[in-house]
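My questions all concern the structure below.
Chains here go by letter, A, B, C and D, matching the order in which they are written, and residues are numbered from 1 within each.
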Amino acid sequence: MVTFYGSELPSRLMLGTAQYPSPKVLAEAFRRSGAGIATVSVRREAAGGEGGAFWDLVRELGVRLLPNTAGCHTAREAVTTARMARELFGTDWIKLEVIGHADTLQPDPWGLVEAARILSDDGFKVFPYTTEDLVLAERLIEAGCEVLMPWGAPIGTGLGLANRYGLRSLRAQFPQVPMVVDAGLGRPSQAAEAMEMGFDAVLLNTAVAKADDPAAMAEGFARAVEAGRLGYEAGAMEPRDMAAPSTPLIGKAFLA
Amino acid sequence: MVTFYGSELPSRLMLGTAQYPSPKVLAEAFRRSGAGIATVSVRREAAGGEGGAFWDLVRELGVRLLPNTAGCHTAREAVTTARMARELFGTDWIKLEVIGHADTLQPDPWGLVEAARILSDDGFKVFPYTTEDLVLAERLIEAGCEVLMPWGAPIGTGLGLANRYGLRSLRAQFPQVPMVVDAGLGRPSQAAEAMEMGFDAVLLNTAVAKADDPAAMAEGFARAVEAGRLGYEAGAMEPRDMAAPSTPLIGKAFLA
Amino acid sequence: MVTFYGSELPSRLMLGTAQYPSPKVLAEAFRRSGAGIATVSVRREAAGGEGGAFWDLVRELGVRLLPNTAGCHTAREAVTTARMARELFGTDWIKLEVIGHADTLQPDPWGLVEAARILSDDGFKVFPYTTEDLVLAERLIEAGCEVLMPWGAPIGTGLGLANRYGLRSLRAQFPQVPMVVDAGLGRPSQAAEAMEMGFDAVLLNTAVAKADDPAAMAEGFARAVEAGRLGYEAGAMEPRDMAAPSTPLIGKAFLA
Amino acid sequence: MVTFYGSELPSRLMLGTAQYPSPKVLAEAFRRSGAGIATVSVRREAAGGEGGAFWDLVRELGVRLLPNTAGCHTAREAVTTARMARELFGTDWIKLEVIGHADTLQPDPWGLVEAARILSDDGFKVFPYTTEDLVLAERLIEAGCEVLMPWGAPIGTGLGLANRYGLRSLRAQFPQVPMVVDAGLGRPSQAAEAMEMGFDAVLLNTAVAKADDPAAMAEGFARAVEAGRLGYEAGAMEPRDMAAPSTPLIGKAFLA
């Protein structure tokens, strides 16, 4: 099982709560996905948010909440928002987003490290939304982060794994740090591939919420995450450049 | 559910029976995969094959057998082998392989169409192992084939989908024909991707048998096939070249 | 230099003559490309064609003509058209196209081999437009073809090399046969890549004719073909999965 | 022509001077490439370097020198090295490398920006070796950099463009800043592709120096850079998912 900050989680799939066509569909998506963690926007909730019905819903789902600092563009904003989250949701877990570029929502390395340090020192368990940058990863770990959440591609694009080489490097350089591929996935096969690369979990929102049938897509991603993890653990064959017969002609392949 | 020649199948995963480290592992792989069809080499069995223990095993698995003509290099050999299969296994289903190139085991378009016609006329239900060639596909259908089995990559390579464009064209040009991606897959994510492209099933052998833990890998592929099918049916979001926020800041996304 | 049927060619770039915005642009594209061979549609010319001005133009360019059988859907049509070409253009060179699929213009393996055999027996030097199929390649060579022209992608798509694995196999399996990547290229880098893979030449039409500035694009492709050939001959470094410094710190890298 | 800090350059290809089998080969590589800029390691030269013969060579080549700070792991080291370079080579141009990760030689965003600011304030024309990170790019520009040198892949890998999406974003977000793809290229087609994406120049070292025939490879890359630039300027056709004939059958395509 995957462990974040000492807590064992029941599932390697995490789901966001934005953009669903209705609360009913959101609930159904969570049920079919088996996701054990739901991210939720602090700013949206603080601004009035989804209201009581949303909270009743979330309570019924029985998932753990991971509030995020979506919409924050400076370390200071993010820190304030995280503290608000602790009040609002009664948890010291925080998915830290510090946006550095308006169009692509790319994380700001500087703001991210600064906020991660302040929040870790303040007792938060920080889940930073980051890029595949190795130096940034190192600084986040030094700042106290015990989990990293690198992007697959920019938020909401559904492009999949834009930089496989960079992600493989990141995974290889910090083998002991749990990592969640967060953002940019669009199809289940991409989630499976991330898991085959050795990532520990996947976080989705747009790909599920904007599918024609969000609940079925949620289940598809859940199966994909299991598939990729099994593929990782089961030790895949090495690809071979030359073809070879898979069915030997002269029998007795294994029987005495 | 997927239907081949009028028979509904319980699973979209098909497994080969060659190259496993032991019969016990083979049995365990089938159980964990839930595969409903097992391919088996006629020539290997006719040559003495795996013997009684193998057959006891297969009977216990309760799967449907799809004998293949692996190792045949001419239409004539393949036809003879198919007829032997009908005797030996009591089924008119035949996975038709006519090898045209020794190193890559690429199918021989000429031999394949010739054998498919003879066998179809003789009452066989032919499952031809083919390439992504559109004209070849058309000829196989004209010859009586109601299922096509295009390769992902050459047999035993584990390279995945070597020609995505060609496979997408094939799928698009013959929307009504059930198609199984057969050969060349190495990792679960590749099976999921084939299913997302609209293929109806996947056939594996080497990727499972040669994994470090074949039974776990078989389950991984089973989950991947489900994941990809759900992804196909649930209607994936369109990828977007520009990034967009997945968490709108001002709430009430769906509640009145 | 590259040699087709015993004739040395001055350039590894071949250009089609269709779809240019004007004859002046066509002429300029040929001049800047240095192409030594121009393909021309027999059917278009037989049907009245471009007329005298076009021929004056072609004469001035001083290139060798390679008539094609574009638009033929059967071996018979192609054979008739090739014979017409011999009359019309006074050459026994023929680029053989036998279309097998209306939408993608995929070659018809059966018609192609049949027509290649008839034409080769009749003294033609056949340049077959083919796929990456290895068995088809073998049959074309047996039928008398001394050059193969595999597609990169379907005609007019500009998609580049749709099946790199298949093209590399084709190149590797018939090392002694001159091969021209024909159709589907859209950008110079794709032509360079084809040449790096060991192909002997490239044939273009749409990518040049439909560029905003066809003459500049023709020169771009000419440079790309040279680049790729040099890259092939100069023996490229092996890619390395791990990074390594390119600038050693302690000097005297080569001086005594 | 491409302009860096107000200086027009004769070529869009830049070459490193490390790792060649001999000074003679280095000289030949420069001649055949037409490169107008040579990078040279300050630390290597300061440590005794290649000696007088090397300098005679460089003088003869008539290229402009761009000293680099290869081997520096902190802003401070890099600043010191840059100042040494100004003394040693009599130029205020400096290719700024601040290594942040030992294995991959990934740039250190923090050190890079810090050093860039100090050096720009001190009158240097800074050419920072950077990643595709958009926020880092913005900070480097704010720090005074008028050119950016993003990597294609880690130094010495020959992997090509590891993150096409990221590089396209970077190019699109800062259309007015000259950018050189620096590091990671292995074959000419990759350089052509970088130029087609709108990058202004390419810097190579390992791919040329470690080719079997470095001088021929240098010329190959030179042609590739021209090819890609022409392809960019000439406006490539849009790729089309569906195939279309490139040779219309009924003539008179453009003649009255």
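Some points to look at:
In the analysis below, contacts are C-beta pairs under 8 Å (C-beta built on N, C-alpha and C of every residue); 3 or more make two chains touch, one makes a residue touch a chain.
By chain, UniProt protein names: A, B, C, D = Thiazole synthase.
Quick caveat, the model's predicted, so the values are computed rather than measured.
Counting only chains that touch, the fewest steps needed to get from chain B to chain D is 2.
A straight line joining the Cα centres of chain C and chain D is 32 Å long.
Put simply, the C-alpha centre of chain A and that of chain C have 47 angstrom between them. Separating the centre of chain B from that of chain C, both taken as means of CA atoms, is a distance of 35 Å.
For chain D, residues that reach two or more other chains under the stated contact definition are 103-104, 106, 154, 159. A complete list of chain pairs in contact reads A-B, A-D, B-C, C-D.
Those residues of chain A that touch chain B in the shared complex are 16, 18-23, 26, 39, 41, 43-45, 47-51, 53-54, 68, 70-71, 103-106, 154-160, 183, 186-193, 196, 205-207, 209-214, 216-217, 219-224, 226-231, 233-255. Remark: chain B residues 100-101, 103-104, 106-110, 131, 133-136, 138-139, 153-154, 159, 162-166, 169, 173 touch chain C in the complex.
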